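Below is a structure I'd like to ask you about.
Every chain is named by a letter (A, B, C and D) in the order it is written, and numbering of its residues begins at 1.
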């Protein structure tokens, strides 16, 4: 189904050079549909503050709560509005190889620059199955493989990465296992992004990572840019650590969703099974904003402490 | 769900000024998926030969045989590759208001410049229902309403058009009922495109139509451009008439699909319920090409007479 | 995908012998989802009053406004709850052969006794295409072919029926063209049901039709049973005629939906593009009920004149 | 959307009393569609050998590789063909609350007797989110909650189970964390099924479990029946252990799929990302069959050692 028009517009090397990739949040309208105005604003703030790419519909963007047509539409929309300015990486991975094939084919057809591929979570498979899964989608375009055993229940071991790295389309690995694993890969010339905000400074400046796929950059893109571009900076890293810890006390993107609503840049609408952080945690966030400085966060409204009744939780949408 | 990024990039007036709109064919791979390479080539030939817009997934493009995710993907793909050069009109109409709403929202989100909307065929509805149907989608962006009672089983009467014309988003009407009806509308300042290749010359030069939504332009775009742009030309119109008659002896796009395969610009793959024209009709086409001149048709291979066994018919895809 | 468990539980001959088949209405909840309690009640009233089969998701049941998963679910639900008492005929036809194949396969898998198949409306096709379309689904189980050119824009001519009648799975034809056409078929031993309530008496008693696929039987099942089972009855037929005329002044099921809401057996919820009949027509219905006798209609509440504000119209659901 | 016809046909107590529940395998045709003939045969063998319920589209049945319409169809099919003889538990869980709601509603509508619900794998959520997720579906009918942290990446802690146990619809828990956890629940009167074949004997006879949701019973249903019904039997348990170990060396259902193909009861067709066990493992299986006795396994053909080339792996289906 490949199109020569869309092909080769972004080389694998372009993807390999990205340092700050934001796993962008998906904001919702009160009825649970996408709030594209808010989304466009979020992406524009990323661009203005130095992010070089966004991952659309990652776990942070709640791709797992989208129907595939919503997901591909959001990729196409992002390419159409921002694809000239920023790289658009579609999370077209799935635990079903069929779905991964179909979504990846469609994502590249609507112009995404690269695909993010997870190993088959929940269903899992053998190492041979992992290779077959990735090999089914690698020929389609630039690809980042994503390893996060705490979500998938299964580590992608280096042997699988080395096998799939035979494909010229493998741009690299988003690795959450830690900086030792990252070092192993970078020693062998494989491009890696840290998938952990709390480890990304060292990953970048000590372990050879190219950059980060960041959640925190949804909130403080300029600081994350600084962290990835301007050399070792332990004081900045330390300053960010309480925010990062706050962000990941509950499964992401629960805290991020809560924070962006408190910053006034997205409506306080949650698609279930996500529910907002409780009030004490919301109060903590206000303090974190004050400590780091409101001006370092996205948006220009005062940070708010929302009431429980301000939040809308949607199960049917 | 509206995006301000995507909004207003094409004004209703831009749509109103289009003279040659091609209802572009969708070509297939042998397994029934879209052949995007062939598609891109077809669109490029339209651009090179003077078409100003394409309708994606019209009845000619077999939108009725697409799943909606395929359909929206093809719109997004076309915008992404060609949207800077040519207007992309998505046929996001449906006999289900729910589907029309969802598809139109998605089509505009991925950047289509205008929507084409049919009245609810097969299920049909009352005049009040027609107005409710169109009013559900008109606020989303520039819209062309399509009237083709021979397919829908129900004429959209002028009273309905005049009612929906209160929306500033109504760009105009694609009208297949005939040139008298067109004259009625153009007398009142409503933009109309002829939906009939055999009547479009007179529609344009006698009845006030702005242009044509053409099937024949898939084959002879330069001649259709001439017919719409360069003044009355009865001899050209007469020269084209045998081709146009050949094109519509069976329900469109049966003959078009057969012709494009014979011209070597699409694979001879049919999605059922369409089947190729029989051999005698295929031989007639070769003669028509010779009469009109191979150089006036798309593609550069010799026109072929395909065998029955050359065609692939797919029911599952 | 065929299952031997499900297979052969209903013979084609069982289908051929049905005289009163109701094209059952689909009732909705205020949010547009199916109201299964109301549905079950409607089906039970059909059973109690002598209908022998229901068509699930026909045009009357608004199959055209269902997603396929809703549609197959409703077929499965009907089989599961009532399949031991009444024949369940799923309208798994489509203008897309792919969709017809998929839905029919699924419908038989969940136990439907027969499929109803329409020719490809709107998209249309050649006679050879019609045969290919029907031949794609006939091997799957007992099948009724449905001809209604006023909706499809294309008559299924006798030559096509005679061709597909070679399949032992063809149970017969639901014919709306008129009683002369019906006579033509019954003369040749083809089973036919009239698709027109106003012609079904003569179809049955003069033209050899086996019975009727009825809309009116949603309202007055016992009277329609009488009409089909108890011999010529011109006075009953005449008595019903004003109701039948009322039912079809606007495209079906607009009046039926309005009537069932007025009888208190379904909520006054319309999926667009259907909208209720205007007030004067609703007042006419009350008079028709009085003339024919409330006891002949389904339900046991007084017939109501609903206000415009009582109706809920849903576009997203 | 609830139907009173379908409601109350199975009580929660009926579900609570089940001892042998088979997580039934889904067999495929060479093109990847369901092989319903093979499926029906598998279910019949379960019934004949004493299983009391099947889980349709569990992880063993590869629900994660099904589209929802396939999944609901398979539930409806199973109810329709076998629902009078065996309990049908639909795995209508999802990591998306929306999907879980929709699928569960549909599953009960087509007659399933109970739902199996997983916590949101991969995406995960907070404890409050877990409760909200389960509370969204519990009102729909009898429900088994499924805890398998090795797949989901997140344990469902007892506090959540105790909270959702307030619903009268909670039939019990399918627990894979181990027999201590099971004991904790059974001490408090909560029904539990072991989700681990290797622990189920002790779970049942020592820790108070009601029974097992078994994978191994796909192969040796009569022996698993004996294990659950006929009192402590360490020698039978020991005899089965090598088979059970063989079954779970690679992520289930890889070995099960391989075994059933070798037993000649399903075609050797794998949906990716699953691939067959390698030849040495297939040879081991033949020995295991000989040790345990061919007559204790399903099917009546000789057990085969299949070649690599015998297997068909499908990515698009």
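Brief remarks on what is shown
What we mean here is this: a residue touches a chain if its C-beta (ideal position, glycine included) is under 8 Å from a C-beta of that chain, and two chains touch if they have at least 3 such contacts.
If you're wondering where the values come from, they're calculated on a predicted model, not measured in any experiment.
Taking the definition of touch as given, a chain qualifies here only if it contacts chain A and chain B alike; none does. We define each chain's centre as the mean of its Cα atoms; on that basis chain C and chain D are separated by 39 Å. A separation of 33 Å divides the Cα centre of chain B from that of chain C.
In whole angstrom, the spacing between the mean C-alpha positions of chain A and chain C is 50. In chain C, the positions touching at least two other chains are 316. In terms of which chains touch, the assembly is arranged as a closed ring, every chain touching its two neighbours and no others. Note for the complex: chain A touches chain B at residues 1-6, 29, 33-37, 39-40, 68-69, 72-74, 76-77, 79-83, 106, 109-111.
In the complex of the two chains, the chain D residues touching chain A come out as 32, 59, 62, 64-65, 95-98, 101-102, 118, 120-126, 128-130, 132-133, 136, 149-154, 250-251, 254, 271-275, 277-278, 313, 315-317.
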